[in-house]
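These notes open a run of structures that come right after.
In what comes next, chain A is part of two complexes: it sits with chain B in the first one and with chain C in the second one.
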Partner chain A sequence: MPDSPFQIGGIAVKKREKGRWVGYAFVLPAVIYMLVFIGYPIIYNWVISFQDATAYTLKDAGRAFIGLTNYQTIFADPTFARSIQHTFIYTIGCLIIQFTLGFALAMFFSKKFTLAKPIRGLVVISWMLPVTVTALVFKFMFSQDSGIINTILMNLHIIDEPVGWLLSGGTAMAVLIIANSWVGIPFNMLLLTTGLNNIPLDVYEAASIDGATKKQQFFMITVPLLKPTIMSTLVLGFVLTFKVFDLVYVMTGGGPVDSTEVLSTYSYKLSFQQFQFGQGAAAACVLFVCLFIVALIYLRTISKSEVD
Partner chain B sequence: MSREKKEKKVYQTPAEKRKNIAFNILAVVLCCLFLFPIYWIVVNSFKIDSEIFAKIPTLWPHEFTLKAYGEQFGALGTTLKNSIIIAVGSLVISMVLSVPAAYGLAKYKIKGGKFFILIFLTTQMLPASLVLTPLFLIFSNLELLNTYLAPILSTATISIPFVVLMLRPSFLSISTELVEAAKIDGCGTLRAFFKIVVPISRPAVITAGCFGFVYAWNDLAYSMTFNTAENMRPMTSAIYTFMNQYGTKWNSIMAYGVLLILPCVIIFVTMQKYIVEGLTSGSVKG
Partner chain C sequence: MKKRLVAIMMVMSMTALTLAGCGGGDSASTDDTAAAEEGSEESSADADGKITISFWHYMSTDKEGKFVQEAVDEFNESQDEIYVEAQYLPREELMKQYTIGVVSGELPDVGMVDNPDHNSYAAMGVFEDITDLYEESGDTNFLEGSISSCYYDDKLYGLPWGNNCLGLFYNKQMLDEAGVEVPTTWSELEAACEALTKDGTYGLAISAINNEEGTFQFMPWLLSAGGSVDDLSSAESKEAMSYIKGLVDSGYVSSECVNWTQADAEKQFASGKAAMMINGPWQFSGLAEDAPDLEYAVAQVPKADNGDYASCLGGENIGICTGANVEASWEFISWIMSKDKSAEICKSIGRLSPRSDVDTESLYADEPNWKVFAEIMPNAQSRGPSPSWPELSAAIYNAQQQVITGAKDVDAAMDEAATTIAGLENK
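Here is the complex of A and B:
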């Protein structure tokens, strides 16, 4: 397709068309990759969830469709209902701690003092570490025999004898929430800081000239102006927390018994410990529906401001 | 920036100075408390067995030893190699695909551009556990289980959307004239991309590469599921197996942990400013 110098009009048209093709050439490979390795598996996951897929039928070309049997099986399993319940308890517990402490830290570090910026940056390191290691060190710190937490609490006379934090359901869930918040707090802080920095200072100056107290300034200026950031932080936090897998799997493995079983570990165990792939896929589909609803809310909240 | 410069010139009253000191002290205390788990990983990796099993943990190793590390090295070679191959492979795929994609979405008006951004936004939020079962069956049929390809291909899906969303804003800020000028000088689109766009945004691209590496390096779910053979496991799943076998030999586990967090810490310390910025834009902005 050599462009002849005589076709001036033709060149212009071709150039624009070429421009568009170049754009697609840049973008499409990544999009296709995501569709192949995430999009297609998600659809395939729905198919499997209606199939008789177990270790025995793994290599079969045409697995039998068994309707809703997989769903009926997991819905009849009391552990499934409990794992949904645990997932929500965990997510909401994490959100409350992460958001309030993250917000408090964001406010604190937005004050002007010499070390504000360096230290604010430093605490984000927890986000970079492998969750596996985070899970292990918290397991170690909260262990009954040589855990530092028990030692500290006993020295402060808050407890009389070592507590087996991970050995009973309620405390194990609390420890999971604490461990996850260690990663979540700086993340929430970071997102909220970005929002705080976008509020113009003169709004506060004007308010304090008008005699507004610090408390009034917080509730009448900071919170309303920060509302979009607060919304996206909460929804993003929900999605990132709700999908928890590594942390629970490494720290408690869903135990003791099934007291910290969450949807993703439940699905994982069905697929890869009991080799009931159909049931594991069905549980993953339930997880997908939950996440999808929240993701839709998220996309709606940001679509106006961010995507444009 | 300008806001801060202005403040530095303002004269601090003694009361303000005291406030500054108090805030700094509080910040340092908070920071130490917060970073304690990292300190705990490192310190305990240098303890001897009897100190680890003592009823009352010591804040500092009374007897400093590298024994816990020595015990790791036999098993370490293979898993370290696996981790590096997986992380680098995933990094390469992720960069090759997502840097151009971010540029295309920033600089070309293409039909469906918004839709593509939405695809990246949504896929970024979907967890591994959603696709573990189907990918396992797919990889099983393709005979890819227990090869490097399985974790490489799957972990790249974690970083691609993140990198695209993170890089797009920085590509948006490149002036179109610059690229056009290069093209007029006879630079092809691809050459302009490699010779001008990428070098100009080098900090952002390098940061993106760091995330591409770290996301794959940190992965447990995919690698553990697809590569069950012992000689194909990366360090994350090896440390997990190790914990199940050795239970409370925490000095050995923590020594392993130190080696596992080392690349992340090095990357973070050297690139902190860019990482913190990238984390925000990659997570929220479209």
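Here is the complex of A and C:
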């Protein structure tokens, strides 16, 4: 997936002399769209993160610039540090689970057995459900008094009394990770399946004639040939997970206390519940910077592997 | 070089997803937003020469909302100059739309707001100053406690729409079976809970969620103990918090209350999983629907053993939004808040009229549960008014959550909340 823009770029280079302006004309609507609907909000967000934007000043045209005060305020707030920590725990936890299981499922469904396709289709349903629905379902399932998880575990005598899954920080975070992985696994599976299908079968044939074991085939052929797909899956997964909002907001609202507060919910609360728009924007900018760094690392690895 | 350009573009677009995500909020509400945007078009005269007024409220369409719509329809038919278009948005979404609307200019003509938040939105510039219109109208019969939440900087930014307050709902059958009298004090409540808590049934359901509802529900305990929002580190305030903590620790109240909204508490009570609950009159219609056979009654929230009954005033206000057609909007809100209309609507949506000239006693003569709320109301204390109420409230519900979940002890949590609140007031 990620290499396609580069291929298009390559073709464009060859044909540059002929249709340079036509080419630019084709991308122009997209560029304008991005500048207006993506570029402007980002810049606006950066601007108010340096301004004294609160309930009192929101409407004023010339809000005072207050330098880094908003950033100082949020960095001094222990909840902010915790929400960064939570965001990383959540993201890395989700990535590990959804990538490993997604990869395993992708390998499994690439075997051409009967019903492979319909079952794969069914697995994807969890990804297509609105996140709010998923969040509510998991909230009910993990409820202390009437949740099905507690009922099952009690009947299996694994636990003696109902566990308040969403009532203490550690377990609440674990439940969030499980819920998100349920959505993320099919997403990872889909991307990796596409990659797997692009690996020509004769490579495997040649390898098995040379006496390579299945394990060797996996690590020497599948993984290296799949590397661009793996990279883009991980980065896309990271971006999508890191900016989580709806799932956390619906399931725990960042609670109990602030034990599942992530950057996006922290920013939302500052802006839309406490009307500290400047500070909310500052938190969103921190989120932006984190993702920007990840995206840069990704591009660096991609362009390196292209040179190879 | 070319590649680098493409690369930078990609990075930009990928990271942009994050901000789009922040702004988008929950995907479930997209439809509402789209609908809201349609409704927000500037009030304009249509083909018939009627002026169209948009009215945003958060009375959910399946319950209170239909009565709101009926009233709006009646207004539309009563005259042929103004056409009101009522639009439901979930509360959180509506609040977000106001904030966005201040910057983008896309506000409705008339909007509803939760009364403790009214000050903040008035300060933000969401609502028009209607002091003159109100004073000239000659109809100023509103309860002091209710209309005071519409004032900011001595100017009036709206009218009270409906009032509510909290009481103790109890399941008659369960209390009879356990041989328990209706508790009136904290110790009686504890004793009652002890007798009523059984396998699968909790004595009491409350909401201690981390939003305004959690604060609202904590207020009766706080006020009855003699504590106050301005002095959360006092012994009285701490006593109230310790009491709640005790109820949860003894297993009388489910520890899940930290994730329960008041609507969730109602579900517990309706399904018999709680013998009593703290809730308000807006739950009457829900209870009638969820548990038509449930026999319940209402009493005052039990008072501290050496304190008085206390309750917290809740409710909504409506205001005319900035940039709206003020005359036409005033026409509508003064009609819907007139004596007879207010009494009628409030009764059907489970509110008490905020008007001082509505005779609640005769209106609710045949409804004992309503009468209890009508008796509680005059003493119910309002929250704020203060433009920093949202932050103040966050300090309170956070403390409550910390204490109930055991993250902090009562002293530490309340002292911290008191410090936060003192910091807000010095700003």
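Definition applied: the second predicted complex is superposed on the first by the 263 of 308 C-alpha atoms of A that agree within 3 Å, B and C clash if a C-alpha of one lies under 4 Å from a C-alpha of the other, contacts with A are read in each partner's own complex, and residues count from 1 in each chain.
Definition applied: contacts are C-beta pairs under 8 Å (C-beta built on N, C-alpha and C of every residue); 3 or more make two chains touch, one makes a residue touch a chain.
Predicted model, so just to flag it, every value in this text is computed and none were measured.
Model built by superposing both complexes on chain A: chain B and chain C clash.
Of the two partner chains placed by superposition, only chain B is touched by A:116; chain C is not. By the touch criterion defined above, A:232 lies against chain B but remains apart from chain C after alignment on the C-alpha atoms of chain A. Once the two complexes are overlaid on the shared chain, A:131 sits against chain B and chain C alike. Using the contact criterion defined above for the overlaid structures, shared-chain residue A:55 touches chain C, although it does not reach chain B.
Contact comparison for chain A: of chain B and chain C, B touches the greater number of residues.
In the superposition on chain A, A:284 makes contact with both chain B and chain C. Applying the stated contact rule after C-alpha superposition, one finds that A:167 touches chain C and leaves chain B untouched.
Residue contacts after overlaying the shared chain place A:106 against neither chain B nor chain C.
In the superposition on chain A, A:248 makes contact with neither chain B nor chain C. In the superposition on chain A, contact is made by A:33 with chain B only, not with chain C.
Only one of the stretches 43-51, 97-105, 115-123 or 295-303 belonging to chain C has C-alpha atoms clashing with chain B in the superposition, and it is 97-105.
Contacts of chain A with chain B, set against its contacts with chain C after fitting on chain A, overlap at residues 34, 38-39, 41-42, 45, 58-59, 130-133, 143, 145-146, 239-240, 243, 245-246, 249-250, 264, 267-268, 271-272, 277, 284, 287-288, 291, 295, 299. Residues 19-20, 22-27, 29-31, 33-35, 37-42, 44-45, 48, 53, 58-59, 105, 108-109, 111-116, 119, 121-134, 136-138, 140-141, 143, 145-148, 151, 182, 186-187, 190-191, 194, 201, 232, 236, 239-240, 243, 245-246, 249-250, 263-264, 267-268, 271-272, 277, 280-281, 284, 287-288, 291, 295, 298-299, 302, 306-307 of chain A are the ones touching chain B in the complex.
Considering their complex, residues 2-3, 6-7, 10-28, 92, 95-96, 99, 102-103, 120-121, 123-125, 200, 209-211, 254-256, 258-259, 273, 387, 390-391, 394, 398, 401-402, 404-405, 407 of chain C touch chain A. Interface residues of chain B facing chain A in the complex, by the touch rule stated above, are 3-4, 7, 19-20, 23-24, 26-28, 30-31, 34-35, 37-38, 40-41, 44, 52-57, 93, 97-98, 100-101, 103-105, 107-111, 113-114, 116-123, 125-138, 140-141, 153-154, 156-157, 160-161, 164, 189, 214, 217-218, 220-221, 225, 236, 239-240, 243, 248, 250, 253-254, 257, 260-261, 264-265, 267-268, 272-273, 275-276, 279-280, 283-286.
Contact residues of chain A toward chain C in the complex are 2, 5-6, 9, 12-13, 34, 38-39, 41-42, 45, 55-56, 58-59, 130-133, 139, 143-146, 164, 166-169, 235, 239-240, 242-243, 245-246, 249-250, 252-259, 264, 267-269, 271-277, 284, 287-288, 291-292, 295-296, 299, 303.
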